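A short write-up of the structure that comes next.
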Amino acid sequence: SGGVSETQGNEGDSESGSSGGDTLIVGLAGDPQTFNPDARADDFLYPIAQNVFSRLVKLNNNQEIIPDLAEKWEFNDDGTEITFHLNENVKWHDGKDFTSADVKFTLDSIKNNNGYAVSNLKSMEEVSTPDDNTVVIKLSNPDATFFGYLAWYATFILPEHVYSGENWDSGTNIEPIGTGPFKFSEYTTSVNVTLERNNEYFGQVPYVDRLVFSIIPDPNTLVQAFYNGEVDIFGGSPPSSEIEKMKNDPNIEGESKVWPSRQYLVFNFEKEPFNQLEVRQAIAYALNNVEIVSKAQKGDGQVAEHFLSPVYNWAITNEYKIPEYNPEKAKELLEQAGYTPDKNGNYLNITFDVFESGSNADMGTVIKDQLRQVGINVELNILEYATWQQKVKDNADFEMSMLGGYQGPDVGSISPRISSEGSNNLSLYKNTELDELLVKGAQLVTEEERAPIYQDIQRILAEDLPIYPISEWVGYSPVHSYVKGDPSSDEAIQSTGFSEYNYVKIEK
Amino acid sequence: MSILEIKNLTVTFHTKDKITRAVHNISLSVEEQDSIGIVGESGSGKSTLAMAILQLLPKRIARIEGEVILDGKHLFQCTDEQIRKIRWRDLAVVFQKSMNALSPVHKIGTQMSDIYRIHESKISKKKLKEKIISLLEMVNLPSRVYDLYPHELSGGMMQRVSIALSLMHNPKLLILDEATTALDVVTQGQILSEIKELEKELNLTRIMITHDMSVVASACKKVAVMYAGNILEFGYVKDVLVNPLHPYTQGLLKSIPTFKGEKKNIRGIAGALPDLSVPVQGCIFASRCEFATDICYQVKPTEELLSGNHRVACHLVGGMEHANVNHS
Amino acid sequence: MGSFIIRRSFTGILIIFVAIFLNFMLIQLAPGDPISILSGQDSPSPEMEEALREKYGLNDSVGVQFLTYLRTLAGGDLGESILSGRPVSEMIGERIGPTLMLTLTTAILALLIGTLLGIYCARRPGSKLDNFLSGLSYLFDSMPSFWLGMMFILLFASWLGIFPTSGMVDLRANHSGIAYYIDVLHHMFLPATTLTLLSIPYFFRITRSSVIQVMSEDFVTTLRATGMSEGRIFNKYVLKNSILPTITVFGITIAYMITGVAIIEIVFSWPGMGSFMLNAISRRDYPLLMGIYLVLSISVAVTMIVVDVLYAFIDPRIRYSK
Amino acid sequence: MQTLITAEEKAISVENIYKYYKQRGKRQRNQDIKSVDGVSFSLNKGEILGVIGESGCGKSTLGRILVKLEEPTSGSISINGVPSQNLFKQDPLAFRRTAQMIFQNPFDTFDPRYTIAKVLISTMKLHHIGESKNERLAMCIDLLEKGGLKPATEYLHRYPHELSGGQLQRISILRSMLLEPMFVVADEPVSMLDVSIRADIINMLADLCKRENTAMVFISHDITTTRYISDRVAVMYLGRIVETGPTDEVMHNPQHPYTRALISNSVQLDSFENQQIIHIAGEPPTPINIGPGCRFAPRCYQSRESCNHEDPESTHIGNGHYVSCPYINE
Amino acid sequence: MEIKRNNQNIFKKSINKINDIKQLKVGVILLVLLLIVSIFAPVFATHDPYSLGDEMIAAPSSTHYLGTDGLGRDVFSMIIYGTRTSLMIGIVAALISGVIGTLLGGIAGFFGGKLDRLLTEINNIFLMMPTFFLILIVVALFGSSLINVMLIIGLTSWVGNARLMRAQAMSLRERTFIMGAYSIGEKKWKILLKHIIPNGIFPIIANTTMIISGAILTEASLSFLGLGDPNVVSWGQIIYNGREYMTSAWWISTFAGIVVVLTVLSFYLIGDGLNRVLSPKLHDQN
């Protein structure tokens, strides 16, 4: 696809939505830090922003790009210009008209104020507004990732009359005005954020009257609040230890979806012993992803098999898969690299730095255990994130580490993690051939053109092993079964993004 | 007429691992307006005797036998409520450590008023203050003491406060337990003479516990010499001190240096108080007595009543030889 | 008394300044960088990072930053949070209310219950109840707070369903007026009970030993001899004499109210300083951290002064010495 | 005789000792507590000086200064003619051996967690007395038996609370004597003891002084005991010696009005029936705001106008008897 | 000879005393049990506590006495193996805190004056300090090891001890036997060490036993900050790891918690009993 999308009609009947009096409560793990969704990265604002604001285009729970404010769009031939045709008669929550000028304002502001998306939208050269309902974005070069980034994060379209000037970066002191299905109603610090139905919404007008985000920072408490029915939609992923129980609970529903987000090992190419290919390979053979996922991640992971995220299946090749679990081979490789077992039977002593988050520590423990079995003694360091960041990311003071995170919205988004100058290339891996391929892959537009290039990339990754993917993150957002129409449901999936609740009905 | 009658009073302390017989079968009668001094070494049971009369011994560990009759009332048969009424009205006490006799964080006036009201609640605030101040003046204390805290007074002043406190309701019987021991001589002399004067004024009967012979000598009519829970000798001060009959009393007097005349060699009584948790068959003093004979170790001496109400519990009394031998 | 307070306040202020300096250095020298953290791990944005570093003066040397901080502080300004860009004072102001509500309630409850139990046991030392409560106090002392909190949630919210799991208000019901306050109390019950149970042992033990000691003092015997009833001796005299150590413990409890209950606040999603502070720590929000620790320093200093003054007020012996 | 004794032969000579304590409370700023306010005396070897006076007159403070448990505000002390300041600087331990102190409360003189053996042995170790543990233990046994605590092994392994006050005081004296001091201060050594034990302790002290030729300052408020033990007495009032002289001279012929009052107030067994008590008015004053005149004047039964202005000099009235009162003959 | 016999007597006496005092007896037995377990952990453990079994979050049963944790490790064996680490951390950290608190408090209370005021204010500053960052700096400067964990916990928990000791020292320094020690020529600091501290230590011991449990629990939270050693099992880690399993597997943190309580109890009983042995007076009263 990637071309013109079909128009998304307003199938939902706005009248039927007003069942009256219903309140939908969604768990939220922390306080939003700002009410400008474009200024900074703020994961706690994100689910709120999804309901208050709209983008030009957005990603749904299947990682597909679907229309939002832009009804339809088209690329020019060389892929350097995108023309967006906006929905008509869209109104801001304060009643003012939404126009293409707001789009231009937003995109320009992100650039001028160094909003979070500024790096992602680097190739954006100029935004022009031929008329009130048309926006044209000119790119400096063809960029396959651009469109995805536009649909992803910190690219919500903001009203110029609210966010211009000083107001751009004023935290939660500004009342968020958007074009989304819900209007902001109130925010009580650390308690809740309440939204109300926006009857003027250009898409499906929400069924519930109020959407309340209940702020519960402790995941275990959130689990209990969810079981006890104080929260209707869990909001985010529960701790892995609970997933199985929830899946078996007839009163709880929720679909697991693989995300282009994965856990992978990184090896420091500038340090012994990981500058040796055999050692990296030995580790790859020694690890059993199946066991890691089943023990440490339980339900929130899926075993990784390829070097790229399986979400982009068109780019995946089975020719260059992750090495199969083979401990004997691992030992062979170590001996090949010139290591001999010491008196404890260990070929190697390595350190492994992991930051404390989710199941990272458990994964570290399992990895340690598996490596022990092939004669690699691991000293596991579990660090607080900030310390880890300084040690591993800034100072490259590590041997082996583990990283995770979003690798979308395009397959090319892996670039910062593996390209020589990539901002997230913790391995300090340098390969000019790979760099060229990454640039080329991003500049092509169609999947058919791009696939061979990304297969080449997978070959290089398999040969050099700068990273070792372990698992794909599986998003599982449980909801009570009386909640219908959550973003993954059939009726909603084609028109709502992650955490967007305008299709939700409460049927108790 | 006797105001206080103690009959065969025995007090034992039952602690975890032993039984201490602190007061042993004591009988004593106190006449109205008497002043009786009780002397004896530390641990001889003086305070226990007083506390038994006051019913202030810890109930859990102290067993009391015998009878104490105060002004016709059998104290041991009274209920708690009745005892509380008797305290301070009929029976008041002044303790040794007067510095700690009152709460350090309350003003003297407040505490005195509080105590006054226990037995006399229907008095106006103003009257009460007047009354307290007049009490203070009675013991030669300035009225500003009313507003002071205990730590702001010297030892002598606090002792006076204690005395004023005890005289608050004109008690029939006043017990002074080492009330002047901690004071220096000048203050002690002053207070003793003040007490004697007040006594005349208020018709007090007084029991004075001390280990200082000279205090008894100067301030009491009668004296009881206690040793290890027993009264060994009792009589008028002038009889007992001039003509001590019990070897223990004699020993005590011999260990005190004289002020006048040549410096006579003094000497203490060898040994120490016996372990009160071990029952003793014979005379309790036998183990330290230089004249002890076989009978002293075997048979408990009975009290001999001599002329002038002078009573002694000693097998050797009557013979008197030992005393003479020693005096030469 | 007046000059005493002034003198104590003076040293108090001095100490706060030393604390500000130490805090600043510790926080800055510790590994971690608020901007990179802010930028996230998925797709860091170097341009935004640079702009923010410039904005918050993080490119200056630590010394210069400290001076800048002092200068803004002198103007009565606690600065602006790096994370949210809002004034620190405003952010602290929003959370301090619920924290104070929870901790004051529990401190007072623990004080009352702990002290009463302590007194009760002190009057019967060695009794079965005394032994039982003393043992219990050690049990609660060595119990992790999150464990007790979670147990309460499981028991009273999940199993019995008589109390809400967490939060401060019922978001569905949206109460107002009297109903609102009842709702808040209903929500406060579990966290308050947990905290109270955890802090009772301190009050219990301190009161117990202090009362036992005072009970053995001579003046108690005097008062008994006057025929004063046990109740009055106790309530008026023993209590005032034995209250001093309890005041110290209460003072320290109060001083730590703002930051000391973070874990319980998080377990029960109580909208206080708890999660806020831990978040500020993990994200290295320097100005916010400085603000929080400044509040803590001031409350410690003030408490110390108040405790000293209270001591002097209760115990006349302390009043004019030292 | 007296003129022949040179300073060198004096065991201890004390000149113009002052001890002012700073008042810390805010009310009485700048008003010192004049605990000891100009005291001078000297002692020969083996001589015992009794110091009497009412509570708070500075006896203990003086005692502590003499053995350097406290520093005087001004004044000098020489032992055997050498300023104790120098002695102490040269070798503090040696000084401690020279001057010893015996305390009032035997029950609190020893660390409650130390056995008697440990107390004595640690003292020996500190002063390098004895070589081996066994030798020291033998010395302990010897010492205790000499001091009348037989059999010594009975006592060695007891804790202080397992001993009587008399026994403890003996041990306290023995510990001091272990160091063979030149000079001992005994601060009310028997006031906490029972009458029946006091005599033995006093005898023990007196004997030791005579035997070892040790000079002693015996502080007490008990007139008869002081008379019994001391060769000379000094009567203190508010930080000053108001009268001093040979014991019987001062006791039986007191000159200063305060001494007279003091002696008449201390009841004696041998004269209890016809005692004439001299009353002195008022409370013992605190040594804070002492006026310019005679410090006893405010309470003196024979004070006159001039007493309030002139601080009387100490005058010799013969036979080594000194009195600080100009009106003694009236 | 003589001395030898005495020493024997003292040894026998101590044993007798231990037998006499119930709490000491119970405490010592508990502690000895713990020590035996910590030394001979492999003998008692039924499984390798580091190997991840296939039965995850299994309830207590005859194969897994106390069940298994989320990674399939045997909780019983983990607790057994964790004994050494946790005991050591608890004891050493509490000792450090006790020693520092006792010394600083003792110095402040005993010497008094300016030193006292200075130390008291330092004490107050410690109350105001963000210990979290102190810990991070220590990790950054000295790396992470168990020694550092113990040091850090000890260094940040002495304030209460110092306060207690100061009060004790202030009242003890007025006692006659301190004056007596001066008068025989004992030096000031020696008096502090030999007399003031031993006589005033009990409240500090009681308080320090509580620090033991604090340290055992803190260790786990520190290991998440990069201080400490996730490579060695400890009770604290078991408790914290069990946190997210509290609904599904209560046994993980509960049993480890009970062991911590027992340890604290044993130390409290020993502390209390020891005080009775060391302070001869109390012993007799007992």
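The first chain written gets the first letter, and so on, giving A, B, C, D and E; residue counts start at 1 in each chain.
Quick note on the criterion: contacts are C-beta pairs under 8 Å (C-beta built on N, C-alpha and C of every residue); 3 or more make two chains touch, one makes a residue touch a chain.
The structure presented is a predicted model; accordingly, all values stated were derived computationally and were not measured.
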Other chains in touch with both subunit C and subunit D: B, E
Centroid-based (C-alpha) most distant chain relative to subunit B: A
Centroid distance [mean C-alpha coordinates] between subunit C and subunit B, Å: 54
Inter-centroid spacing, subunit E versus subunit C (mean Cα positions, whole Å): 25
Separation of mean Cα positions, subunit C and subunit A [Å, integer]: 39
Whole-Å separation of chain centres (CA-atom averages), subunit A against subunit D: 89
Sequence positions of subunit D contacting 2 or more other chains: none
Touching two or more other chains - residues of subunit E: 136, 139-140, 243, 246-247
Touching two or more other chains - residues of subunit B: none
Subunit B residues touching subunit D - in the complex, by the definition given at the top: 41-42, 154-157, 183-190, 192-193, 211-215, 217-218, 237-238, 241, 251-261, 263, 265-269, 272-273
Residues of subunit A that touch subunit E when the two form their complex: 219-220, 223-224, 239, 241-242, 245, 291, 295-296, 298, 356, 361-362, 364-366, 368-369, 372, 378-384, 387-388
Subunit C contact footprint on subunit B (complex, rising order): 54, 56, 83-89, 92-93, 95, 97, 100-106, 114-115, 118-119, 149, 151-152, 162, 165
Parts of subunit E lying in touch with subunit D, wherever the complex brings them together: 1-3, 6, 9, 175-177, 179-186, 194-195, 198-199, 278-281, 284
Subunit A contact footprint on subunit C (complex, rising order): 31-33, 36-48, 50-52, 81, 83-86, 91, 94-95, 98, 150, 153-154, 157-158, 161, 164-169, 171-172, 174, 266-272, 275-276, 279, 282-284
